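In the part that follows, the structures are each spelled out as structure tokens.
The following pair of complexes shares a single chain, subunit A, combined with subunit B in the former and subunit C in the latter.
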Partner chain A sequence: MGTMEIITRKDFRRLVEGLLGDYTLYGPVEKEGFPAFARIERFSQLRLSRTPTHLSAKEFLFPPRETLLRFDLKNGDVREVVDAQNQAIIGLHPCDIHAVNLLDRVFSYGTPDRNYLARRKRTVIIGTECTPDEYCFCSSLHTMTVDRGFDLFLHETERGFIVRTGTKRGRRLLERYTSATKAEKADLERLERMVERKEKMFRTRLDAEPSQLPLIYRGADSSPVWDRIGRVCYGCGSCNHVCPTCYCFDVKDDITLDLEDATRYRVWDGCTLEDFAKVAGGHNFRKARSARLRHRFNRKFRYLADRFKGLFCVGCGRCSRTCLVRINISEVTNEIIRETKER
Partner chain B sequence: MKSYARQRNAEAASPYTPVPARVEEAVKLTDREMFFVLTMPAPIDHTPGQFLMVGLPGYGEAPISISSPRCGTRRVELCIREVGNLTRAIHRLGQGDILWVRGPFGRGFPVDEMERKDILFVAGGIGLVPMRSLIKTMLNKRRSFGRLTLLYGVKSPDEILFKEELKEWKRAGMDIRITVDRPHPGWDGNVGVVTTLIGPLRVDDSKTVAVLVGPPVMYKYVILSLGNKKLRGTEIYLSLERRMKCGLGKCGHCQINSAYACQEGPVFSLADIRHLNEAI
Partner chain C sequence: MIPTVKKPRLAFFSFTCCEGCQLMVLNCEDEFPDLVKLVDIVNFREAMSEKSDDYDVAFVEGSISRREEIKKLKEIRKRASTVIALGACSSTGGLNCLRNRFPVEEAKRIVYGKDAAVRKIKDTIRARPIDSIIEVDHYIHGCPITKEEFLSTLKALLLGKAPEVPNHPVCVDCKMAGNICVFERGATCMGPVTRAGCNAICITYGSICWGCRGTVDNPNMDAHEETLRRYGLTADSVTRSLDLYGGCTVRKKTGRGD
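On to the complex of A and B.
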């Protein structure tokens, strides 16, 4: 961990107001009784939430629709569009920050994706502490705590916040807007106790270690679970939509009515949607919903593990929380673990 | 289609930014396929089996295999089947028009490792298009390779691609056998699926490499037949078609288990993909 300091609630307000002046700020607000990430324009809108948001914050780094190119058809020219502004996201939980770290690896892998990376570079990330609900299972994936990927991380206490600093940029923000004082031994112990308490709160756990999951999934290609969940799945793509590490996209074109300008843009896509693996001519490499679900679960626990050195499930529980037919990622995984142990 | 005079913005460096390629020739090969000769803005150094992302503003992009041999010049040849909006628009292009392209992408055939071997090509339909790049590359160095045999299956005789070139290749010493599913009156060649050509073939399993390009259903049966000829998985190469949107290993569409067709493929050895369900 980086350095640790204490700030008061007043300091916190000054920090947020400072960010409001220098950055486009996003953070949790209350929307119809639930926490949701949104643009923050006044301090009073911000409602730091300990419970998870339905949607992740990936949209601020990887927008649902993003222009990549503009064609000038009259002059036969093309220009790339990279839209990145100074922005800050406050209120990301440890799982969300782990997810951002994974997206960073994806978009810098091989040929770097300038659109994502330019935006990421100009994004301040401030994490906050959370409390697990019945869907959360990050403690089983070792993503319950995080020590990199944020500029600042705030642990709320009775008096204010214990602040961990992850980057030089975070340090500058802290120095500029707050009068942080050095954390004392008692504060560090309090933080440790908070982590211990949080660990005990989880009602959902996986019955295997994360390092075992790629192999367990590898042995589960012909598990009956795929057909069973495939039969109830709507193929609606909600799980992809809310997942903080689902990054698949489609690339499409728009053309103006006068046929003088065209844009090429990307939009979120989802591997559980029917057309995802369909090629021109009509052949669909994953026609059955069971095959698409198997693909999605394997992408989270197995397919990407080697290439990006990590599992792509961070245990946030969003897919389970949002699924209309209650397909539950931890239950499915535990079922596969059980089948493996019985073999 | 308008013709595009200016080159792209020099600063452009996004991997999504295409370059304008000028259409030099556009020739109808069959009812559905057209052959295009393009001039790229810069020399292209591709390996047979690699592909370009080919697009038109307003219509989008699609992965298209390069059909010309390895050359290092600005000339590229593509053969494109009309299957959707984009390819329909491309079929309307003529000399002087511009196609916007990116690439080459992916991993092609290991041509150098195939030297001194007998090569058995098995093509189904439009699979001959990427294979043509490899065949012509090999014919340009004919003496470096052993026996060259092409087994080519098409649905009907009027779907046979590169008819004149097939004759040339024959003259260059290639053994070419064609079969059709549905013969026309007057067709006096083989009838039946392409596997029927494999049975009677003499294959020296100690020095033969098989190259397969065709629809998914073809692979399954051809691989079984080649197994009967004792060919090992490391000596069988195939090119896998997948939906692709970026060519950069990002968009996720071409993923086959842990492999990306646009990164580790589209050319794979059978040994590399045999264990991946969904591959074939």
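On to the complex of A and C.
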């Protein structure tokens, strides 16, 4: 692994068309003028996007709604439902692949999540290179480049792509569908220059190192920032749902009208929604929007960092982009960093 | 089959509305064979001619806009053990509340001209949701309601559970549907403050959210007005957006008075 090769544009097309034959393929398309992940059925639909999609690609590994169990109430039987198929996702950026690596840890932790893990095992991941937009700040979180979590990673150049291979499965795909040639020293240098150029393009940066953020957040529980952003927040859950690492879900039951069969399913949930921390009897542990936002930010930069050895923000900027009241994750974090330094 | 409460008697009633929500119930054609094994439908003008005053669950459609309707509604409340508001007109007042922007006499004159003097029209009052008159046990929102929500409410009642009414905004349904945000498309939308449960159907099919399901329990209306203004709406169009389905309820919630 870790080898580097060159493929032409023709090779790339053959690779995508090969994937179309063997896998259910997802990748970026143009939707109403914006890049968005969708099912790809023809090569021509694929529009590799340099900038992030509004929604992440987590829906292909962790669907918004997923059946977990089926009950036969006549006989009292219960059956597990694991719905996984061979699928490939193309066009994930480095931050997105970091996010998948985090989800892998989450869904393997404690009782392994069979639904997620079965689907993940059968998912080919092909990364592509990106250009930061005004909300991206992955360079500040060391997620601007990625070296594992993908089968293949494609760096587009003037003539074709420099390909990094991450797995045996990736190698097989490359050998089967392309006539890849070994990368030369000049190609490797070009790749290094591309990374350097990208690093310089960021307009959004954090004013602290990622390793300092859990401690900085620990000291920020009574920061005035929470009330300020809590006042304007809708509590609409959009930041949760566009986030590539938010993985919370609710579990519900549904019954057929003849009252003989039932299903248990999960649906996406979000900690900024009003009912998220509501419990039996109607008590709500985080009734105020400010408390819910503080919780979400702490989940990204502090609480989960201990358990999973990594921040749960990958710097994709999607939450800032989607927020109609302009709550911006990097601005909030920088404000907290500033308060900490002033203390 | 799991045991349920005794076969309840269902009745449907209609006040000021288009009766489109009853039509959605009628659209449950595939489910009726199973449904009638579990319930007796004893009053449903849009579907049958028989009528009975002996019922357990009353589905009430439409808003209240005449004094005579108040009397009828109170009578229904007395007879039914459970009253369910069926659709926007009934649960929030719905579109009918648009009329309340005018004094009643002026509205009558604009709409009916010289006929405004006939008894039935003379009886007209400001439009209002049914829970401003009687206690309501459950709500099925929407203009019109969805078939799925009608059925899930009914199933919950049969199982002795509280029906689930989503308390998150349409933004959640939109993200789950994979939609491009209406605001990104360059339009504006009531989705961020509107109660979901519709699968964001209007946005998915290229329109915007008009707010037909009413607001979530605690909408941030100040934030929404600010957002609408920031996306180019004038003060007047902001009010119009909020009033379309929120004439009777949003004003009350935000203390704008009615």
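Basically, the second predicted complex is superposed on the first by the 342 of 343 C-alpha atoms of A that agree within 3 Å, B and C clash if a C-alpha of one lies under 4 Å from a C-alpha of the other, contacts with A are read in each partner's own complex, and residues count from 1 in each chain.
Simple rule for what comes next: a residue touches a chain if its C-beta (ideal position, glycine included) is under 8 Å from a C-beta of that chain, and two chains touch if they have at least 3 such contacts.
From a predicted model like this one, the values you see are computed outputs, not experimental measurements.
Enquirer: I want to verify the contact counts: of subunit B and subunit C, which reaches more residues of subunit A?
Expert: The partner making contact with more of subunit A's residues is B.
Enquirer: Once chain A of both complexes is superposed, is A:H283 in touch with subunit B (first), subunit C (second), both, or neither?
Expert: A:H283 sits against subunit B, while subunit C stays out of touch.
Enquirer: Please work out whether A:L174 is in contact with subunit B alone, subunit C alone, both, or neither, and reply first, second, both or neither.
Expert: Once the two structures are laid over each other on A, A:L174 reaches no partner at all.
Enquirer: A:T111 contacts which: subunit B (first), subunit C (second), both, neither?
Expert: First partner only, subunit B.
Enquirer: Pick one for A:G237: touches subunit B only (first), subunit C only (second), both, or neither.
Expert: second
Enquirer: Could you tell me if A:R65 is touching subunit B, subunit C, both of them or neither one (first, second, both, neither)?
Expert: second
Enquirer: Where does A:I255 make contact in the superposed view: on subunit B (first), on subunit C (second), on both, or on neither?
Expert: Both subunit B and subunit C are touched by A:I255.
Enquirer: Please indicate which partner A:M144 is in contact with in the superposed arrangement: first for subunit B, second for subunit C, both, or neither.
Expert: neither
Enquirer: Pick one for A:D77: touches subunit B only (first), subunit C only (second), both, or neither.
Expert: The answer is first: A:D77 touches subunit B but not subunit C.
Enquirer: Who does A:I97 touch here: subunit B (first), subunit C (second), both, or neither?
Expert: Neither partner.
Enquirer: Shared contact residues on subunit A for subunit B and subunit C?
Expert: The overlap between the subunit B and subunit C interfaces on subunit A comprises residues 73, 252, 254-255, 259.
Enquirer: Quick one: which bits of subunit A touch subunit B in the complex? Just the residue numbers, please.
Expert: 68-69, 71, 73, 75-80, 82, 106-107, 109-115, 221, 247-255, 259, 262, 264, 266, 269, 271, 276-281, 283, 285-286, 291, 295, 298-299, 302-304, 306-307
Enquirer: In the complex, go through subunit C and note every residue touching subunit A.
Expert: Going through subunit C, the ones touching subunit A are 1-2, 4, 31, 34-35, 37-38, 151-152, 155, 158-159, 164, 167-169, 171-172, 175-176, 178, 180-181, 183-185, 192-193, 216-220, 223-224, 226-227.
Enquirer: Can you list the residues on subunit B that touch subunit A in the complex?
Expert: Where subunit B meets subunit A, its residues are 2-6, 8-9, 12-18, 20, 55, 57-62, 81, 83-84, 87, 98, 100, 215-216, 241-243, 245-246, 248-253, 255-258, 263, 277-278.
Enquirer: Along subunit A, where are the residues that touch subunit C in the complex?
Expert: 31-32, 34, 36-38, 54-55, 59, 64-65, 73-74, 231-238, 241-242, 252, 254-260, 267-268, 270, 273-275, 289, 322, 324-325
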